[in-house]
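Across the two complexes that follow, subunit A remains constant while its partner is subunit B and subsequently subunit C.
Showing the complex of A and B:
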């Protein structure tokens, strides 16, 4: 069923509303949520390039025992800090809650824009300030090298570099997040098209909504905890200094109280996106829609009381460790239900493996491995053997970093026709997706076994393990894997550039989706999204393939 | 009225909140000599195997279902749509409750396994355990055995006696990890943390050439590494645990404590070359071989 005819029937030319801005001034001063979304995407891709290069440099350094490409451990630590901080704060969160949430959600709910377009513009420029400040870290004389976690007392010493820069970047990005979260939650609640009920929303909308509620609750805690770092270091306060009555553990509690929910801020939106991609390309409804809907919401309470599992070996009370072991294991309930719904969406489906689907499917299997390797880590007693080792590092790269990254790239392939009006080359898109998947598995698979052998995280060198064939072998394989990953990421970006400048022209609904952003907009939707405000039929669903009523949308006005 | 009853329920639940830490304490078992029939690290390996089997079974079963669905759902014609329709209420409840029951059962099983191991590690420290004070600093491990006996970067313990480490840091966070005993605990300023382990096997005997070219046999210990990021020297902050026979340990102790020193089997601390020599020693086969050596060693005249 195609809705192209709706436009013609209503007397509107599909290209009749203005598309993207033409001049640089219009680009910069735009209030259109889609253009702001694209600014977020550019920021995220810039961050991905910087952090990805840092990752490549680290892998090359670890390619052989002893110094390989640098003899300065502090330089390695700088790459490591940049990789972690920029990937999470500059790439994943902005790509998911900035780009995806901004670009897609207002259209998905049938609204004409975000609830507060000017606040939205402020959020994106705060993000860009944060990214530029983060890049300054590469050139200033005392770069921050205290890792993205910034644990005191190390982070309040001069060894860690510029603590104020770290605090300030986190606070700026936090402000950007809080404004964005408030804005998006309002958009979902108040900007929905007339007649659209909660159970008629896309999974992406629901997941982004949940993630933003989490942001609103927890980001202020992070901002406070890093602000106290600067107060400690420069003004001599002693929040984290045991000599004057503070406690170094306080920081870890505050930090992970935010940063564990932050994992769900990343996990949920990319799972939501995968739901949408799966449903679109299998032209099928979501398996157990309501269960998935409530599973997303269940992450708010379930994610709030597990933070101690990041500090199982940090000297916290034994009873607390056991309690949090149990709450952590309970995460498997909503997560397992979501995974079931996701693969169930393909059941009795009609699946076509286009490039977004290939990327999303690879992300699904990464997520599966990541979810399973999370189970041992949840047990506090198992953590006594693997805490802070490559096991943990490998686990979160599977569950959050790589599957999240792959889902984000799937979303770029998915929305490319709507953002640029042109299609990506399918062959190159699929090839880069499969290459990225294989490459990252060659990196992260062997490192899991190196972790079991005892290889700790954040090591510049592993001379002391030179006698361990497993560890040395794993490091070599991982370095080979990074070449594959690097080549695939490069191919992916070439595919995008090629699409934007020379891709095949897209049609209005190239994926034959029932979702509003494809079914009810022009080829490149302009400001205001829809020609006229929409009303939604009560039986319409974004996943109602073959069941949606013919008059799903009606337009007010003429 | 309805609102009132809801408020009552919420307030009632809040009053029950203090029960949470109380329940938590119920898990806590005091220091004692409960016999698990194995050392903590053997116990760890057992639980590790159980968990690995568990996730392997779940992973393989789930993947098979995924692959089945994937290979039976390819699009056959251009305009084909999926034929899945909402489940009936009974089926929907079944697909909700049965998976939850399965996940929950597995969670509880693993939790029980993990709790027993946790108690072994944290709450059942043998009362006769020897206490050693560990002080971490940038970038060194210092071990204090009492009576002013100290070593740097080298933890020396007698075989077969449980050891309790009480640890703190002089500067930043560190984390004391012993590969052979599967135990990690952070070390921090302002707090004392603990870990205990049972050194049940003698460190392997390895021929070591010292700076003067003299060849001696030494017990080369297993690795201690730092697992909490501590800056420039983080990847270089390591030490060894050397497990000696009781007689050798007594001899070493007497020498260190300024008592009349009997003949010591091993000389000097581990020198650079020793690191290279660990190679064979960590391989299990080599370990087994060394065990036989130690059998003979216990009756050797060296410590007489």
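Showing the complex of A and C:
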């Protein structure tokens, strides 16, 4: 459905492309949410490249028994640390809550920008500071090698390297997240277009809003926990030192109090994005919209009381293990409802397999496998046998890391026409998506079996399992898989670069979406999004395919 | 269809968020690392100075461009409320640590520790600054920006006095044997940890106040900023009472 007639004479780019700044000053000192969103995207992609190369190096090292590409276990530890920390803190969270939240959400709610543009700009530079700090770890003497978890007592010893670097990376990225979170929350609450009710918002908006509330509540606890690490190591405090009455397990509790909800900070926005992509390309409304809406919000209380399952093996009282088993299983409820809602959205839809849809569908299948293999992990008796094994590693790569990454890449394909004004090559886009999906399944699928055989995660070598054909075979296949994944990721980036410089010119609404960022043709180039404030018809929906009223949008100035 | 007007793109720019972001996010962490991890004192000082300069120039420039000029529709107090919520969680993390350490100690204070006296009078003095900042906002609402500046300066001075008394209290506590390092105790850890967190908030709150003063002296006042700043001052003062009750009287 076209809404062109609503915007006649309002003054806009005929293709509804927001455009990009022309000068370096406009790029660097920008206050515009779309440009800041692109800065987040660049930061996320740079982080993905660094963390991805670290993963590739680790996988090559594990390709055979004994040293393969390095004889230095500390170097392997460095790759492992960089992979985990940078992939989560530098790639996934900034891509979802930085890029997507910035680029899409203000336009989706019909706002002119974020509520606090300067705070928004500061948030992105804090993120880049955190990324630069993380990259410093590759070149500084005494690099940090205590993994992304930073558990004491190891992390407060000199063997762990530069503990302060770890603390500061987490604190600075946390500050960036917190400033971004209240900015986005204010944007959604206060800047929605006139007439836009809460139930008229996109799933992406709702999911990002929920994730940011989780950030506001839980990030500070993580910041406090890593601050105390540095206080212990450098200033002689004893919070985690049992010799002076401290408690090393205290750190694990504080750390996972945030870092488990952090899974939902990643999970929810990429599920929100998948909802939007599924609805657009199946030409369907969201199945049980209100159930999905409240399921997102349910993650706030439900995600707050599950962190202890990361410490099942750490000597907890039985009553606490039992309680946390139930609370962890409870999370399956809103998650399952969201999955059902997604399936219902696709059901009997007029599905069109475009490149964003292929990436999102692949992400969905990864999520499904990861979700199903997560349920048994909640049970203490089972977790005892597989804790810290490859089973856990494969599970979280399926449920969060790979599925989240693929959804993020789907979003780049989805918004490329609006960001650059050009289309990605569909064949290359789909091929890279399918290749990435196959490659990651070859990597992570067999490793489940290695884990069941007892292969612990994080090990530099597996000489002690050299006689175990399952473990050796799984490692072998996983290493083959990384070649396929690497080639697919490379193809994906070539596709993006090709699109930006030589892609076919995009039309105003190439996906025929009803959502504002595509359907509102009056998107103006430069700052401000809309020439005058937008009003929304009470019956309009971002998913109202075939049902939206003709006069969905009006302007106060008209 | 009527003729489509073509807009010339205009992009707003401001260098100050970048200065504040890199000052706080890059230079201050490196100053800390150079001092404590690499023991490069001179390099640490130089980096610290650069970081603080970026923060001060960036913060003042930012405030100068916005307070009393940019209409933020009055959303700043809501944002401040959320920010204070995150602060409560940060303090909650430290407080949980304090409770765990106390719960695990057979007796409190641990055997051999000489506890320090509660800074009751100074905390009451700190609380009085809530009244002063209230007067500041009242002046601002009455259209007297310079009155707002003056009362804010008085608040700031009261906080500096309180901060100084806190530092002298730490010196006194150390003289009683409550030290960190090899001879650290759970008592000293929580005493300095908890009061240190409060001290950090005093510094941050003082920085917020300082950013608003130059604009106010030029006659510019925004109640969105004034209200948000006042909320933060009250929060830090309430935190002072909490620290007093938890660390000294429990």
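Some notes on this structure:
The definition used in the following text is that the second predicted complex is superposed on the first by the 540 of 558 C-alpha atoms of A that agree within 3 Å, B and C clash if a C-alpha of one lies under 4 Å from a C-alpha of the other, contacts with A are read in each partner's own complex, and residues count from 1 in each chain.
The rule is short, and it goes like this: contacts are C-beta pairs under 8 Å (C-beta built on N, C-alpha and C of every residue); 3 or more make two chains touch, one makes a residue touch a chain.
Just so you know, these numbers come straight off a predicted model, no measurement behind them.
Partners subunit B and subunit C, brought together by superposition on subunit A, fit side by side with no clash. Applying the stated contact rule after C-alpha superposition, one finds that A:320 touches subunit B and leaves subunit C untouched. Looking at the shared chain after the overlay, A:28 reaches subunit C, while subunit B stays out of its contact range. When both complexes are overlaid on chain A, the residue A:165 reaches subunit C alone and has no touch with subunit B. Centred on subunit A, the angle reaching out to subunit B and subunit C in the chain A superposition, using CA centres, is 100 degrees in steps of 10.
Of the two partner chains placed around the shared chain by superposition, subunit B is the only one that A:284 touches, whereas subunit C remains out of contact. When the two complexes are overlaid on their common chain A, residue A:456 makes contact with subunit B while staying clear of subunit C. In the overlay built on the shared chain, the residue A:247 is in contact with subunit B and with subunit C.
Shared-chain residue A:116: touches subunit C; no touch with subunit B.
By the touch criterion stated above, A:424 is placed in contact with neither subunit B nor subunit C. Once chain A of one complex is fitted onto chain A of the other, the partner contacts of A:383 are limited to subunit B, with no touch recorded for subunit C.
Annotation: superposed on chain A, subunit B and subunit C show a minimal Cα-Cα gap of 11 Å.
Once both structures are placed on chain A, subunit A residues 246-247 are touched by subunit B and, in the other complex, by subunit C. Of all residues in subunit A, those touching subunit B in their complex are 73-74, 77, 145, 147, 149, 151, 153-154, 157, 159-160, 242-243, 246-249, 282-285, 287-291, 311, 313-315, 317-323, 325-326, 329-330, 332-333, 336-337, 339-340, 343-352, 361, 364-365, 368-369, 372-373, 375-376, 378-385, 387-389, 453-454, 456-465, 467-468, 545-547.
Listing the residues of subunit C that touch subunit A in their complex gives 1-18, 20-22, 24-26, 29, 32-33, 36-38, 62, 66, 72-73, 75-76, 78-79, 82-83, 85-87, 89-94, 96-97, 100-101, 104-105, 110, 179-182, 184-186, 188-189, 192-193. The touching residues of subunit B, counted against subunit A in their complex, run 20-21, 23-25, 27-28, 44, 47-48, 51-52, 54-55, 58-59, 62-63, 65-66, 69-70, 73-76, 80-87, 92, 95-96, 99-100, 103-104, 106-107, 110-111, 113-115, 117-118, 120-123, 171-173, 175, 177, 179, 182-186, 188-191, 193, 195, 223, 225-236, 238, 275-276, 278-279, 282.
Those residues of subunit A whose C-beta lies close enough to touch subunit C in the complex are 4-5, 8-14, 19, 21-22, 25-26, 28-32, 35, 115-126, 128-130, 132-133, 141-142, 162-165, 168, 171-172, 175-176, 178, 181-183, 185-186, 189-190, 216-225, 228, 230-231, 234-239, 241, 244-247, 250, 253-254, 257, 524-527, 531.
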